[in-house]
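Shared chain: chain A. Partners: chain B in the first complex, chain C in the second.
Up next is the complex of A and B:
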């Protein structure tokens, strides 16, 4: 997303969006007084397009499009440093998490690769009960059309025993699969109700 | 009884959602009501004259006004009926504004409720009796608790007004927090140079009795006649003899005693005089560190004292003082920044509080006024100030603004650049709050003239790198994270209520808010009064305040005391408990429940025992009334009959 230079606030603001975020996250967005402590504590501000406090500010201004298409919400590592330090007791990490959910629901995920990675990741979890790295990375690499990315790391990681050649056996993988199936059924029911 | 009812419209405040005409019409149907009307502003001059005219014309014996809260205008209307010749207690008020018109828009329901409230007031009024207050003389001495700048100012103003002043200070010297400061904003004048003369004045006033190292133990009595017990803590030095020569301090071998005056940046001797300008300039022994008390030997101070003032056997002493008014000026404490784990939680010696930096800057401080790092004594080059530490932070339970930090860090940054021109000062702030005369100009000067770098954003964490500290914060104006390497970090620690404020409030029977600051009687119109008659507030004990505001409040509280003492006697409130001796069985349960010690027993000539209320001590709480088995003790103006009459209407 290109940075916006002049924001026509009335034209772009979606007041319902603030309510949506508040409902999804259980946090009151108006409590944020823009001290910037979340950005000061954030480990990933350097890669964000909008630092955490600006994401909060954009939500306060009802800037649905900018927020839901931002890269920052996807680069958030959910480390919760922002939540821990917030003087206003806002669970900022929870807000970021809710924004990711809303972003997917609204089909506004920025960058194909982000969505692709999450999808491939979850597909493997569904199948094996946990992630299978040796499968995930080549699979993601092929689909993202960058098959050689991070390939150079493989020998080092294999030598440390961090990459198994066959998926781990996880107890209760059927149960995990059940969770996915129930969720998918719920989603399609909701889609039908909407339609 | 002939009763008149006046229903106020309060413009549209009441008439907007209550049919006042209908309320007045209905009132005519109530027993004993001979006149009822609705009026636009009953509290106005013509409104009051209308009441007075009707009292005379209609021979009214009692008046009901249905209007706002009695807290607003009950005294107004009581005076009005009194001017027309009625006793002021032959008046009742029904609150149909705060309790009716302002809380619902349902006009029909409101009107019904207003009618019921008026009916209750009428029913009660039928049982009202004329009551008369008595007069008690005023003891024209004033107790001032706390001798910081607010208490000192109040003491001087009372003393100049010819009043006897009893000044109680917890610490060995008066002066409070202001004595610890190096300079004051926005004029950068030396704090002890402007406070010093006032402190000396206190010691030289003949009508000021100073109890230092003392605390208020208990308070009894009431406005005009308080009895106060003061505990003078044992200093193990006879202050009548001590000349403050300091010989004992120089020779004391115990050098590791804490030094609260220097905010623990240095240590003191076990026998100590806190600072050179101390008033009274007397030595006191810290028995936890004194070798005589801890090891049973030494005794150097006793040997060396030229006036033989050392007294190891000294005990705490209780002093009784009788006063007519009390000014509370107990000040504030500083927020303990060790709850901020991200700022080191108090582990880093070079992360210090604002008051510690003040001591570092002070010529009488631990480094003689040279700015040094507490860790290694070296001069710092990069100094970071962090605003709002323990202010505007709900996560540590301090959501309020401390009001002084923005200004004191601007001052400290200016002083730093003045002392060390090669140093760099950075200020992390959220907002700058400088709404005082010449205050914002002062903050601008810090930035424009002194080149202090202001960064808008909070600090996320501080961690050591080598022997320096890395301050990681945000610049929200740029929208990026920033890092500053610092030799010294000064936290602008906020203001909180002084430790023990709640305890003292309970002794004085005054209220305090959730943060421990004392409650004024009205936030705008009665800023130095409390809800306890005769007890006044001054300074930061009521809320964060800077020096000018504290001084102004000290003077204001003194003016209030002088206004109170301008009379020779105080009229007591007749709304107190009264014993009917014919029905009192002498069980004396009332004495046990009375929180004010206002009831005593007496023996009649026939040998029977009866309870007796001390009208001037009784606060009219009604506990005895509720407790008395034969209902012999009744709270005047709220008797059982009056309350039952109201309930009968409500339940009819």
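Up next is the complex of A and C:
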């Protein structure tokens, strides 16, 4: 009966995936021998669908779909505990970061709201050159359909005079915008070369 | 009057980053005051822009590198070889940019996107690195006029200040001690704190609030257990989770923590005799009045002892 599972793993295996992840992260995933130090160190294991060591194993097994759609890679806070404690010197947090980038490229992001928060953040940076915290929360709240996000904090923050009402506009914001545009052009060229 | 100490003047480029301009304004204010007191001149990078923070990393490390690279390139043009940032997130991004620049496979793409002259002859350091390695605890101790003798303070370092070790190249990744030593130099008692580097929940305050509730709650609980009256931090995000979100944490755990969370530079300023208002102590969400009361009572006691001796 267990064989059904084994067969399924073979059927869904993409042997190129481990190479893709190794290239993107610069890490040798094959060195992982499943000691579990990463998962034991991880403060987020309790919210993950697959603990960090299982993500590493699934990458070794070429389970691209499971890994790139996993919740774990988007709930990783990049706290570096796993990287610090890996006896094989694998930068596990870097692998998780590369998996987030790949899941975005393959349009398989599980943490849609987390991605949305990051996207809104970057849009503000592209527009003003710096992030405008007063604008970020309402923008995210509206788009994520969670308009009451952190509303309990708003009066206290306003009372402390901590939130500016007008975004600071960097003089060189055209240059910052240019960085985003040249980055996007570079990515589409890289995509074309790959295809 | 204490003898004015005139250490060798150090000048560094200063990158405060977006948080210190807004929610963490007291970190910026107190860092400037403390550096001035220690004879370090901070020159703000002209027209600096955002480092991209976690969102840029998650998009593509190359984007993060180029966004941070702009600030390094400006600082380099201004003739600086060291840039100091108090924000560990910014520091990670700045160091990441230097790493990408030094990678022969990535340099070309980095420079193409950045479109600025850049030699990479600049180093990024944290505020703690500057205090602990460049200035040293002895010089800090010499500057103290109002020692924090009656305070018990635990240092909370968070994730990034010393990790990953090969990348940050500062302090110990598992048991960092730089803030411990600084607090001791200020005269405070520093209990052993086992959760120095346990994660506080990072950016999930907005998107997964219950994660911050759980993780930050554990840190506050441990600080309480070891008898701390306050926590010292050096990261705007850690401070936000521990201080601004402490009321949310209390709701999550049904607890009643009332733990002041100050930036290390605020504690340094208080010990240097700077007025609390000039250090942005009034900007904290969990009021630090109890600490200030203890300190002023101690000040009065010292004066009366001094009076008797005279």
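Methods note: the second predicted complex is superposed on the first by the 164 of 195 C-alpha atoms of A that agree within 3 Å, B and C clash if a C-alpha of one lies under 4 Å from a C-alpha of the other, contacts with A are read in each partner's own complex, and residues count from 1 in each chain.
Here, contacts are C-beta pairs under 8 Å (C-beta built on N, C-alpha and C of every residue); 3 or more make two chains touch, one makes a residue touch a chain.
If you're wondering where the values come from, they're calculated on a predicted model, not measured in any experiment.
Within the superposed three-chain model, A:149 lies in touch with chain C and out of touch with chain B [touch as defined at top].
Once the two complexes are overlaid on the shared chain, A:81 sits against chain B and chain C alike.
Using the contact criterion defined above for the overlaid structures, shared-chain residue A:37 touches chain B, although it does not reach chain C. By the touch criterion defined above, A:93 reaches chain C but does not reach chain B. In the superposed model, C is the one of chain B and chain C that contacts more residues of chain A. In the superposed pair of complexes, A:117 makes contact with chain C only, with no contact to chain B. With both structures placed on the common chain, the touch criterion links A:15 to neither chain B nor chain C. By the touch criterion defined above, A:183 reaches chain C but does not reach chain B.
Residue contacts after overlaying the shared chain place A:133 against chain C, while chain B stays out of touching range. The residues of chain A shared by its contacts with chain B and with chain C are 81. Residue ranges of chain A in contact with chain B, taken from their complex: 31, 33-42, 45-46, 50-51, 53-54, 81, 85-89.
Residues of chain B touching chain A in their complex: 342, 388, 392-396, 430, 456-461, 472-476, 479-481.
Interface residues of chain A facing chain C in the complex, by the touch rule stated above, are 43-44, 47, 75, 77-81, 83-84, 91, 93, 97, 100-101, 104, 111, 113-115, 117-119, 121-122, 125, 129-131, 133-134, 137, 140, 144, 149-150, 152-153, 156-157, 160, 162-164, 168, 170-173, 175-176, 178-180, 182-183, 186-187. The residues of chain C lying in touch with chain A in their complex are 18-19, 21-23, 25, 47-50, 52-63, 66-67, 70, 109, 112-116, 159-160, 163-165, 173-174, 197-199, 201-209, 211, 215, 244-245, 247-248, 282-283, 285.
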